[in-house]
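There are structures below to look over.
There are two complexes below, and they share subunit A, which is joined by subunit B in the first and by subunit C in the second.
Let's look at the complex of A and B:
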């Protein structure tokens, strides 16, 4: 009987380890769509990089509606995926509910913190990256007025706006910053028509650099800026190629690296809080052949100086989410 | 608020009101003939998708225009067959069209372009560019009137001017032609029209197809002039705001223009002032966004005049046997 038991136990262990070895990583994409040219697309690129390097395969699924969040994550677990990267702060509540039910599966949440033993919480220092592009915006602006178009009005996006405003004021203390949000529902991530209209209104008010932190809505913002012949700043992914000569730079949020690392570590990925800040290479700004002509050496020098100061800790960029207020701008 | 700000808001109001105006006039034709149409949204979305797709492939905005109007006409024909020929419930047919368009556009876009339910961004001749009216440059120097002409009246896409001309055209067709008289009669008392020997089915089909044509223009404007390409759900409830405007305008063409301009103006204000400070209170933009619906409820409740829909609206016509 005992022999039987241990035999069965051994067989079960073998089956389980075999299952773990075969487990494919999973990617749960937030609303706005896989190809939003921004946040979600960055994660997808990271996953594709892993696929190309290792020859492995992964599953992905796209949220279409609010009601699907929990169901989709559960479906991903049921399909045997491990680890599972879940995108978007709105899935904090989802994982708080789902993750305890599957202690053997490891989750990685991007943009939110969930304090559970099987969740890796990855947060980015968007305020530091936004500060750098704010410096560039203020130096590129001729009118002294710059714009910010946020997606959904939530603390995370205000964090982008707050860092940006601090950067703008650091380079030009007299600058005027116009900040708008597209909406208060997740639909605000995918409304380029409204984004374009907001950008036009800001340009009419004198803004000649507009920073979009709005997912797919930002496509409309960049388009409106290109139509009006002013500069825009992309977000999350490198969006410089969308309108060469008009997109001044892009605030890079290396969601691709975060996703890649989780996929690479596999089911044994470390859990806990991971902060991707400037020092860790988690955020930055994009410089390539599409915007090389727009960035002068003086601008580069000033940004490099700020980068060094932030990494050394001598320059502290205020994080909106630390106290829900911003010294540089009132939203 | 200075004069430049007012001009900027008015300019935005016209841009935003144009798709509403097209859709509102579309609904006007259909409902005046006794066919309720809540599928304006779906037809607009289908037209936006078809025009963006064909414009992206061909590189010509005019090809996109034809495709967009064509797609909208097909859906209008479906609505006509369901609600006129087969005497189905007009509201349910409209809802079906909305769902069909919302799903089908994304599915086909993903299959064709693999960009996540989006079409590529349109550039150059694939878009209706803004056109400057004659003397806009020179007129801009005239005080007050000059900038108004140069910024608010001039410099819109061609379809904006088409929408403005569609209003008197609609008025003329409905109130000055024999076809218009019959069309209105068929929405009030189809039996009388039938007794006079005029085809009720034919008139209602004509109205539904005109509705499809105008909805098509609304969608084409969204995708190839206001925006630059199709994105999932890009009509964003404009078909429903147009229906609200139709009730607000009490099913008449000139007030339809007024109502859509008002709603466009409200959207432009909400866009420019996320927190409108009136001195006493601060109005959040969400409230201004909701105003069209609130105003419609007020009108429907009978506080400001009375909104009486065409009497035979929503009722399929059954010939006496």
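Let's look at the complex of A and C:
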């Protein structure tokens, strides 16, 4: 038993040192990795902005294994982090299991809904943002053919593609949309080489605007479009600067704002469902000095009109995930 | 007479390989401005200094024991089964189908059924490449690795289109019924008075893994089939001359191998997640190759090597949590160990053999 006692002693020491830490916010990053130039990186940027503004510190961790989903969230709680932002819909099940064990800690889940009193569920209206960039794509396209490169083939990414297709057809009812997914496993989020291959194949089929909704895989898509001299559309973060003049725009998903707001509110952050839609500034499209020359006034006017209509509720963009089907495209 | 004594081959070679791997890892850690000794302390503390650490180390080790045994059995028949990933994926499907479709009254029956489901599905997935190898001469390395991709695609299709509960976005099955929850290691140890962290995933599958290791030992060294498998692996013409059917041995070895790989999902799918997710195998099928190589394809060696890799996984996670060392670097450290213990094995063995010969010559 002496061995076991020393083991327990060590465990207690670890627990004590962990408990002594001040309550600082935590960020649990899903498997795609922190620097995916897209979804995860947006959250990290939000956290960094909070850090720069408040001088506070936070703890972050990237997952590598399925079993680490639960482990790292628990570890964050043990280390005294509160509130804890957890990224990715695949962690819905994680929080459903873990959150009830820690009623004094508040969690914020991005991209999924968990109905628990200490969880803030943040969801985005990606279909609305994708609709807007779909309009831009159709107006920028000369060939009348546009492409969509999704990451892993899951309903969430089909939601991007469906909104995009609706936008494209709204601006050009005769447009042809080529939609492909990078893969069927989570590796599809981090495969820029394959993303580039798919983009090239779409360009060969006539696509002259390619929208990438694929996390880090999108970097390859943007590169392929730049190499071929056609347009691409970035996703989640503003990716216009990656290839100025080639990236037409980026569909912004303000994961950074969502993370920043949770960190700023601190342990008293409000729980419940938060919908980050177009009206709430949760999604949008990027216009900066890198793509200003690509977006004409006519395009701006058309998108502004659609924005106003979506916010007013007169234009409803179909959400793929509401019924697992899409009127504008079959995947 | 062999240049290396048995104990040196089994103990000294892996040990020196690990030391070299850790030494190079230390240099890498030093190069990015972290303290390697502190890193080592964090890894050891996080992986084996508490029952929390052990709970995860043993959980990962359980996976690696199963996949390591799977590779080892095939190795003995001269077959390089790198399809552990796919076989585990299908094994997970077997577990999920068994647990979702029957209202099991008690976890004991559910466990028995899940074990059968995992083994059957994993074995059947290995059967196709085995048959192609035995009858058509299609190389098993190519077919098994291709079957990994097919398995991933098949599971993806089934999860997204068939098994996912309506309205759920996460491509995963519903949770299994509460009656199918197997006891965790904490409960088993708690029953005999040993306190253990209950919030860790190590579960009864660890016991199954150890039983499997014992059974593999019996099979390989104490049964007629095991003898035939080893004879076939050593020399196919000799085995053929002795009346051993190559087709039969290839099929049996791969069926057992696939079944063992499938069994790892009793640990992950039934023991931990309690639902089937897309990423079932998580590379354990590939780690199994390194485990089998390092463990000299002997069950005892496999168990020890699996523990080492469990330590690396859990220790790596802790290292990432408490330091600014990124997860990419953790992978580098894990890869170095695999490289030195698996692939560069001969690099240590050959000089060591010369050394032993020299010492012997002097006597």
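The rule is simple: the second predicted complex is superposed on the first by the 309 of 331 C-alpha atoms of A that agree within 3 Å, B and C clash if a C-alpha of one lies under 4 Å from a C-alpha of the other, contacts with A are read in each partner's own complex, and residues count from 1 in each chain.
Keep in mind that, in the parts below, a residue touches a chain if its C-beta (ideal position, glycine included) is under 8 Å from a C-beta of that chain, and two chains touch if they have at least 3 such contacts.
If you're wondering where the values come from, they're calculated on a predicted model, not measured in any experiment.
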{"item": "Three-chain arrangement built on subunit A, subunit B and subunit C clash or fit", "value": "clash"}
{"item": "Contacts of A:242 with subunit B and subunit C, given as first, second, both or neither", "value": "first"}
{"item": "First (subunit B), second (subunit C), both or neither touched by A:120", "value": "neither"}
{"item": "Partner chain(s) touched by A:198 [first = subunit B, second = subunit C, both, neither]", "value": "first"}
{"item": "Touching partner for A:106 - first (subunit B), second (subunit C), both, neither", "value": "neither"}
{"item": "Subunit B versus subunit C as contact partner of A:33, first or second or both or neither", "value": "both"}
{"item": "Contacts of A:184 with subunit B and subunit C, given as first, second, both or neither", "value": "both"}
{"item": "Touched partner set for A:90, first subunit B, second subunit C, both or neither", "value": "second"}
{"item": "Partner chain in contact with A:74 - subunit B first, subunit C second, else both or neither", "value": "second"}
{"item": "Contact breadth on subunit A, by residue count: subunit C or subunit B", "value": "C"}
{"item": "Contacts of A:321 with subunit B and subunit C, given as first, second, both or neither", "value": "second"}
{"item": "Selected from 109-117, 127-135, 199-207 or 307-315: the stretch of subunit C that, after superposition, runs into subunit B", "value": "127-135"}
{"item": "Shared contact residues on subunit A - subunit B and subunit C", "value": "33-34, 184"}
{"item": "List of subunit C residues in touch with subunit A within their complex", "value": "45, 49-52, 54, 56, 59-60, 152-153, 156-157, 160, 169-172, 175, 194-195, 197, 199, 201, 268, 272-273, 275, 277-279, 282, 313, 316-317, 320-321, 326-328, 330-331"}
{"item": "Sites on subunit A touched by subunit C in the complex", "value": "4, 7-8, 10-11, 14, 33-34, 61-62, 64-68, 70-72, 74-75, 79, 89-90, 92-93, 101, 112, 153-156, 184-186, 321"}
{"item": "Complex contact set, residues of subunit B against subunit A", "value": "4-5, 8, 11-12, 15-16, 115-118, 121, 222, 226-228, 231-234, 236, 267-268, 271-272, 274, 286"}
{"item": "Subunit B-touching residues of subunit A, taken from the complex the two chains share", "value": "33-36, 179-181, 184, 187, 190-194, 196-198, 200-201, 204-205, 216, 219-220, 223, 242"}
